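For reference, the structure discussed in these notes is given below.
Going in written order, the chains are labelled A, B, C and D, and every chain counts its residues from 1.
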């Protein structure tokens, strides 16, 4: 099967030109001006932008939580992602403390294998670093194609490792050619503030926000950078939200260090004023929480400064009924919000269309850098000969309105209800298959492949 | 005329893949796997790297100096550039104080027009900002395609403008959609130290170095960033050499500012120990001077941190006889050294081959970013459909030795005599024409075109 | 003649105790609990604070300006100072460009000698550094007891020296054992903004403020610190107003540098909202201008951090009629405001009484540090055996209201009209003489002595 | 009983003058020129310096350790301190995890009460912060005169509290008017490195040093400052050793924060090259370890910048036989070195005599600031009317040699064996009693008093 996309304005992290793209089977085989080729299917992309399929390297699908799961399965989540122009996601496997990485991987595979619609990969979250775990790191890298290891500096007793384990993990991961990523907040301080607020009867979602002040993230980000510098491991900070944390990374540049930084779309476009309502604020209860306007400015600047390389989502949706578990206690509200479907369109409308970032930067942070940093490049993340034909055809002028009524995520509210956006995903191809067209998903559950990832050097 | 380059490993700032490139006339018209096309000429690039033509945005050709000129003309300089894989250069037109920009441009045109072998453009150096000059800024941008304006914070009485003029210029350039670039050193301090050293009978080239201590560059870089931040103009610091100056830019990130930074190949690979010999050190008398090992480390780090975007040369060669003008007085040594031909090969050998930077980063800093920052993109700086077919075919394994005996620059010494490099430019195309092959230049004087540049936003 | 001050709470920069002070002639000869001594005069200081006489190291008395003079003469100014608890001031002698230091000193002596009421010394402002000036530096230090040399980075053509002169001066002053002080603002940038505002018809006092944005002071403070670090001279920044400038000094601590910093009382207690009225704002037209609330916070913090050592006034009063010279052009408003009489009481009321600084810190920044930094210690600036009996007896509880109607400065408005203060100067002794009592000045014109100052090391 | 000290050059943190001091009973009652007083004893101090008694706020006397104790008891330690000019020390009471503060205090009292020769106070080390401990904080402050609470960010399982406890403690201590002090190193990272080195068979004292790299201290110092800023508690970092940690405090100045910093004499004068020998290096095994020359420079600069306020010792001596416990395992070497007797003389000789600090600064950091910061002022730390007559008469010219043969500390080696010093303690008075004269201790075991301390504001 072959496809010819004609006359689109093709945008990569580096380029911007009008041409035809010819796809044979799953990959791109030619790009050119008026390609004199016949294809099984021809798509007219005149007047449209043509992007590489988006990569969201931070999602939580069917994540176990208090006896239930985050509401998007690997099926519904990746399908919604495709609707929004994201063709590949990286989900997090969570080691259970006292258990092996292999067990955790098997557990996640039991939900993801054969059900996923879009392509996916796994980060492995290390919650219990010991001699056994250490031995498994190598297996993950060499055999499973899992080369990034997530750590938590928060959630003591469940996910958190201490700095001793962190250093040990870093040294081993460096040896094996992997990367250490981190949820960088000072969990101990947060635990204290949560307990204090609760003991004072402060139970509203606002206190979720006030229990995770900027300093908890700034401190932990600096500490992680310190340890990464000491061990020399490639390091990556997930979901950065604030000026203080970015300044920690800026400070680290003085010692010639490079730490990769991811922010998420919500931190660029939403702010903490959303918590100043009653329980409604639960929609945006996530960790870290939304921050202030000044932090948004820092994050946009960080992207243009080259200090923030990735815009992800930390997609982790819960139904309103699930959110209600925390009605009387903010600390029981399941953390997370739905964004997997909205990321590419929000970033275009708020970023490109409003002049905050260029088209090349857009593709760089939403598609190419995630692929490069995490070892999926050049198969994923770009439009180039030999790469997977993961392609988004995007109308930069069409306006539309975000709503839970029309979105495809399995969650009954939208964090962006009523937002009017400029620019819309029209057609999406995944490995040469028409996956989305005219708001319909044309590929089946199980089409999605697990993407094995290669070792990384920490340089891109 | 058409050309088909087969099976090369094509590297752009974003991509890395093996394919054929088909060129029709002056531009690239198709890229693909085994393109089923016949061309007038076919080049086998198997086993080779294929880069976009290099862009050196900082050269001084036939620059007037004390009644003579820098020893490479627009002809010899751009021909040597081509030999080294650089297909486009940006030369500096220098306004004479008391005279108009138009006059200066006419003067430079009189030497460049019809004689240049490779493609070229001009920066306009503003040495006398007044109401007349202000009016000409718009003309340069709108009519001449000159959108970058160079300033000097040194060379009082000849090239320097004071901070009052700087602010005025910045506000006007911002209004017209241009960029302000700067030779950032504190000229007054340097003037004092030069005079002091001379009055003490310290006349060797070493005192050139000691008259321009790191602080002079760090201070001026910070001051320029301050003024660029205040006015909001896109700013670009040329030839950064040292940690102190880079730290000034790092500090500026805290206020969400982006300043573009260029370093030059010599500052990455040479150091000030070269001045610790007798007059031999005159070969590397340039401003700013070479620095220390710790500065090299900072500059390589700056590239990987995304804080340095360009590697240029500040090519400004003088014959040994010309250098001898300063035999008894370092301040009379004509400033500059030859590098236009060596940049791409040195950066590959010392940077890519030694693992300091990736291939993508190599193309980004040597080809693509100069084009983007200075408004020549997408015509120049990349390998993409519709772009000029400026292409370098590079053997990553061939070793060779740099020498004045074999180089093509019109200068009788090499700053890198005897250096053994890994990686060699084999074939160069300029706008579809075979320009260099087998160490021979196949295009004529006058082939080079002046490239009009577009307005810039300061975002890339 | 002898005086016994009984039972006061004596505060020095280090100490805090209740005792009697016995003065013989001009100096303190004993301090003790219930001293069993008879004196010619006894003062009961029970319930009072006893401070060393204040030292204001930044005043402009009878300063020549556009054919007239700042409105306080050495007589009226030092008398007013005494009323406010300041017993010694340091005035600025201004070299005329093209003229010698000696001439300038003679000029100032012609006004100050024999007329001054309180004690005084001179800084020498170097506005024209050349070989002649260089030779005079030594004379000033060795013969005249003038060891501090003021520089201006603004007021080109009148007072400003360029960075070349600055480095030369610094090296000479270091050699002679002196200190370089600086009005640190980027005069060129200010000149540009002044001209621009005027050309746009913006003539109100507000534009005085907007012509001297924070960056002009931050930049110049950093530049001065850079040059002081390079030359190793003890450096001192006068009248610092803002966070940006303080951050420049904070940054300099990283290279192990110490730069002395002075702020003035007005920058601690007034802010730029005063310019948002019509010509009334002219009362506070001074350079640098008043800043923002966040700058006040930085300055108070800087004092407690030990990074700001001195609180002065930059007292330079002009009658309202003189201010009116700038009615139609803010740049013609004579710069300066009256504060010499108010400093000690304002700093007590706003600083000590409101808990911002301790009593020891109060004496340190208002009395002791100026003496130490400028070479008048231990004769001046403290209450200790052998020191001049310059003593302020202060009622910490008495409240009073500042007003032009009651102040003793020769100026027809107050910058603090109607301010209610807690704490009042009751009695002042100068070298053992009762100078102020019950709001009356009891010493005559001419009583004030010129204080020769010693060399300084830059360490205190 | 009364004492008259005649004609000494009296140095306080602020002053420097020649006078007589008259002591009645335990306190100073008069200071003056040629005091016409008869005393029970007269001491001629002509040609001598007269300092306030030194205060060492960081000592460990009879500290329980692995079934034995640090080798100086409260008796021998304070006697040695007196020989060296230190009249008051603050020792650390260590809470046992699972036990109360009261128990710990009783334990320490059982060793200190009635045995101590010099005056002393206690810090309370909080190793287990919980609701019971929280309640005891108030008791300590209000009833016991213990207002400073020491924390450890290292020694997990024994002394360390986590950040959750730290925040809780800080909020409580702030409420009660106390101060939190900290051993700021990242214990988890150190634990990892210790275990790693041991597992690799690296057992020499050098690996003690390599297990506590600069980053462990820099990180923890920054983290402590972050938490102190968030809670607003007065914070104090003990035994700072390095540039990285000082830079953390320098960075904190940007947010207008003040953190108190103590260094110790050994970090100013010794460096890590001492570990590059065999087991001999065990003499200087302490935590944090000695650092590099660049760190010494930073610390001296920090003192002059006002960013380091105190020079202490962390005196914790062990006999060579005790040190031998770690002969085959550096982690078993008891940590600490003897310095209580040497601090004042070393700091004079290396600091004042070599021109690094002034005499006033000497007294400030060694005597006055410890008293002020920890609530013993004005009773202790200065020479002033009403203060305790704790006085050191010091010959600035006498040279002598440090040696275990002649020192008075109960330890059989000296960390400074053979060092020749300029300046010697000649006579020491403690509360008016001749305590040391002619190298003899003239007061008895039990003379020393416990000094109750007052609340602190964090401002001095």
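Just so it is clear, a contact is a pair of C-beta atoms (placed from the backbone, for glycine too) under 8 Å apart; a residue touches a chain by one contact, two chains touch by 3 or more.
Note that the structure is predicted; figures quoted are calculated from it, not measured.
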Joint neighbours (chain C and chain D) are none
Moving step by step through touching chains, the smallest count that connects chain B to chain D is 2
Computed over C-alpha atoms, the centroid farthest from that of chain A is that of chain C
For the pair chain A and chain D, the C-alpha centroid-to-centroid distance in angstrom is 51
Expressed in whole Å, how far the mean CA point of chain A lies from that of chain B is 38
Chain-centre distance (mean CA atoms) for chain A and chain C, in whole Å, is 58
Where chain A touches two or more other chains at once, the residues are none
Among line, ring, star, complete and other, the chain touch graph is ring
So the touching chain pairs work out to A-B, A-D, B-C, C-D
In the complex, the residues of chain B that touch chain A are 10, 12-19, 22, 29-33, 35, 247, 250, 253-254, 256-258, 297-298, 300-301, 304-307, 357-358, 360-361, 364, 368, 372, 377-378, 382, 384-387, 457, 459-460
As the complex stands, chain C meets chain B at residues 162-168, 186, 188-189, 191-193, 196, 213, 215, 218-219, 222-223, 226-227, 229-230, 251
